[in-house]
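One chain, chain A, appears in both complexes that follow, with chain B as partner in the first and chain C in the second.
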Partner chain A sequence: MGDFDFSIIAANWRFLAEGLRYTVQVTLTAMVGGILLGTLLALMRLASLWPLRWLAAAYINFFRSVPLVQVILAVYLILPLLLQFLTGRLIPIGADNSAYFTFTIFEAAYYAEIIRSGIQSIPRGQVAAGYALGFTYSQTMRLVVLPQAFRNMLPVLLTQTIVLFQDVSLVYAIGATDFFGAADKITQRDLRPVEMYTTVAVVYFVLCFALSRLVKYLQSRIAIIR
Partner chain B sequence: MNYHWDWLFFFQEADDGLMYYQWVLSGLGWTVAVSLTSLAIALLLGSAFGVLRTTPNRWLIAIGDTYVDVFRNIPLIVQLFLWFFVLPELVPRDIGLWMKQDLPYFVTAVIGLGLFTGARIAEQVKAGINSLSRGQRFAGLALGFTEWQTYRYVRLPMAYRIVLPALTSEAMNVYKNSAVTYSVGILELYFQYKQIIEKTSQVLEITIVITLAYFVVAFATNRLFAWIEQRSRVPGMIAGGQGGK
Partner chain C sequence: MIAINNVSKWYGDFQVLTDCTTRVAKGEVVVVCGPSGSGKSTLIKCVNALEPFQKGSVVVNGIAVENTKTNLPRLRAQVGMVFQHFELFPHMTITQNLTVAQIKVLGRGKEEALDKGLKLLDRVGLKSQADKFPGQLSGGQQQRVAIARALAMDPICMLFDEPTSALDPEMINEVLDVMVQLAREGMTMMCVTHEMGFARKVAHRVIFMDQGAIVEDATKDDFFGKPHSERAQNFLAKILQH
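Here is the complex of A and B:
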């Protein structure tokens, strides 16, 4: 460990920071997109119309049973085919952009299950009360059920986001330059695996550990209200 | 779509004289081998560290907590790279060379995946033990059991039953996570998927087949655990009664 060369990190910090920025961007995009799509899926799954229920269940179960790396590669290869079929033109997407899409649709399945259990944790009387006040279905959901549900499930949603943040490292499979990808590319060039991979591990650990402590704190704050 | 469907390519011969469907089967074999071995390691580690975190000794708790925190907060692919490319450089030269040249990839990969999964299982085991009433431990101690015996005969048998549904989903996760071991040279299902796409470009057929293969192993695991859940349920307990349907 004595010959750990910090200068190699100093020399490449800009490239690493650029990678980390991409990782954070994918995480935030997939979080926002995934929660929106996930809410829709959760509502569909709890709907009274069976085709909606069936469709949402199929979507969720499908994405929850395949490995993320496989989805990353499959979308990267199939999305251009699909776009070509739809538009008739060849649109180059690129690994970096395809990851935004992949993570959004993939994480939506996981968020949906969290949101569903969040909605189900709200007493039935709340829905009845909403209808009794003359609210429509969407008003009841928007104004009564979802605000309470989101408050309850915030810690779990954030925990899932920490997992998502770590999972972005799997874009390695299509060669996109995320934080880990950046470190890997520097390693290929400078042959300093110890410095590079250790740095990535330490940074990931510090960020995720701090975030998970924050979630724990949040959990204790929210627990009082219930 | 100008896509040329060709399901028969699976029966074409690849470079190494095998047919493509045989590549898929061999990948499936490695996926199952890696997953089951890692799961076994993870169950052992997860149980040991999970128990540590419920002991009255705060040093043991700290050890258990540290293990879980470290292995849950670093991405799996980074952990695997640490075992494969960083650890051999940090140990004495001879051992490092042996790790790089003679130690089978399989061993390093299953230890890496096992340690990763173990941290998650430790969390479940701890939750299971903590969900039991304190009286269970006191009753054990009152009967003259040592601390360890209360775990062995009283608390763990109940705790495992309680967390079996959570362990089921961890076991299904292992299959999915095992796909990441392709990055350190394990020739498992995802590796073959990638390789077959490069050789044949029949993206859609192979995606469908590999997806189905993952479905099958995950479903089989689910059924196996449901069966265990049903067989191990304690009459009169709510915890064991629902599973397996």
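Here is the complex of A and C:
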């Protein structure tokens, strides 16, 4: 045991904290953006107009069929070219910013499927009752269906977010420094992999476990009395 | 008030409504009965366009519901509907259930909506339940709240789709009492129900449906006294045996 040297953590805590901050930021951005975009995709997928359904299905199936690492790389490489093509100017985006965009559009596909099943779990009679009171489609969705659907799917949405939180580590592929990336970089320089990776694992565990406890707590708080 | 003219409806090849025609005048109470699967619920849902139909027309207060230019939300806001399974919004309190459509659809102020909602809640005898959630109420209580919710919109007529079929027997009467009171106040009502006691008490007319068609459309006395069709006779003989 004498060979363990955890001073490496103390010496580099600022760098690690920066990485963790980035990981949390990407997670929150992709969660909020992904749920918003995912809700739109889910509503499109359940729409009566077939082009909307088709478009949403194509989007969802595409992103669910491609490995995340590849999407991270592709967006990083293609997005600047696309922006240059559209604006005629070279806009440096950088790996850090590219990841915000990638995770949002990628996670939206997964959130969309969760949200779709959540919407479908609401009895049709609830929709009929909304319409019968004179609500429009959008009022029926906003006031009746989605509030109930989100309560039902909260555990699954947050589970997906926990997966997302861990998946942010894949930004190593484009050289962005998230929490795991920061640890990795220090390890390669200082050669203390055991101490570093153990610490990282513990931090991931504590955060994810806390999040899953939060899910449980929220679930009991906002459960619908039936 | 409600005119149903030659309405036919198909699910694919299966015809659920065949050439249905009837009228409900202002202040009239019409009971629709018939064996299950006869199209009663489908017909009543055509009145506020919850069910689309392929042929015929339904005119409510001078407005054709099948017309694509009709503002359906506005029309539905004037037609109260009560469902078999209550369909209160489970994530809202009773008060919110009573006020949300008044506020969002009719544009009433919160105070006014609350005032109206609580008055109606009192009327159906549930004033003390205002802050509870639907899941905390019995079926009969939920259905009374559902009636109050529909009344809060000041509807010009009320549609009831088997309002007591999902209730335990001891709760049926508390709901029927509210409906009888409503009928006696002159509300225009179209009720799909098997409650023949209710029909006898307050209905002006009874419509008997079988296999998607209106087989009998008679005044209450004629219907219970001497139904024309054999099918209606059989139906009555079966359900009035006990």
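In this section, the second predicted complex is superposed on the first by the 213 of 226 C-alpha atoms of A that agree within 3 Å, B and C clash if a C-alpha of one lies under 4 Å from a C-alpha of the other, contacts with A are read in each partner's own complex, and residues count from 1 in each chain.
Definition applied: a residue touches a chain if its C-beta (ideal position, glycine included) is under 8 Å from a C-beta of that chain, and two chains touch if they have at least 3 such contacts.
From a predicted model like this one, the values you see are computed outputs, not experimental measurements.
> For A:C208, decide between first (touching chain B), second (touching chain C), both and neither.
first
> Residues of chain A touched: more by chain B or chain C?
Looking at chain A, the partner in contact with more of its residues is B.
> For A:A129, using the defined touch cut-off, is the partner it touches chain B, chain C, both, or neither? Pick first, second, both or neither.
Touch status of A:A129: second partner only.
> Applying the touch criterion given at the start, work out whether A:A58 contacts chain B, chain C, both or neither, answering first, second, both or neither.
Neither partner.
> So, A:Q84: does it touch chain B (first), chain C (second), both, or neither?
first
> Give one of first, second, both or neither to describe whether A:P67 is in contact with chain B, with chain C, with both, or with none.
first
> Quick check on the output: what are the common chain A residues between the chain B footprint and the chain C footprint?
Common to the two interfaces on chain A: nothing.
> Touching residues of chain C toward chain A in the complex: what are they?
Residue positions touching the partner: 45, 48, 50, 72-74, 76-81, 83, 85, 87-91, 100-101, 104-106, 133-136, 149-150, 153.
> Across the complex, what residues on chain A touch chain C?
Answer in residue numbers: 123, 125-126, 128-129, 131-136, 139, 143-144, 147-148, 151, 224-226.
> Spell out the part of chain B that touches chain A in their complex, as residue ranges.
Going by the criterion above, the answer is residues 1-3, 69-70, 72-79, 81-82, 85-86, 89-90, 172, 175-180, 182-183, 190, 193-194, 197, 203-204, 207, 210-211, 214-215, 218-219.
> Which of the residues in chain A end up touching chain B in this complex?
1, 65-70, 73-74, 77-78, 81-82, 84-85, 162, 166-167, 169-170, 172-173, 180, 184, 187, 193-194, 197-198, 200-201, 204-205, 208-209, 212
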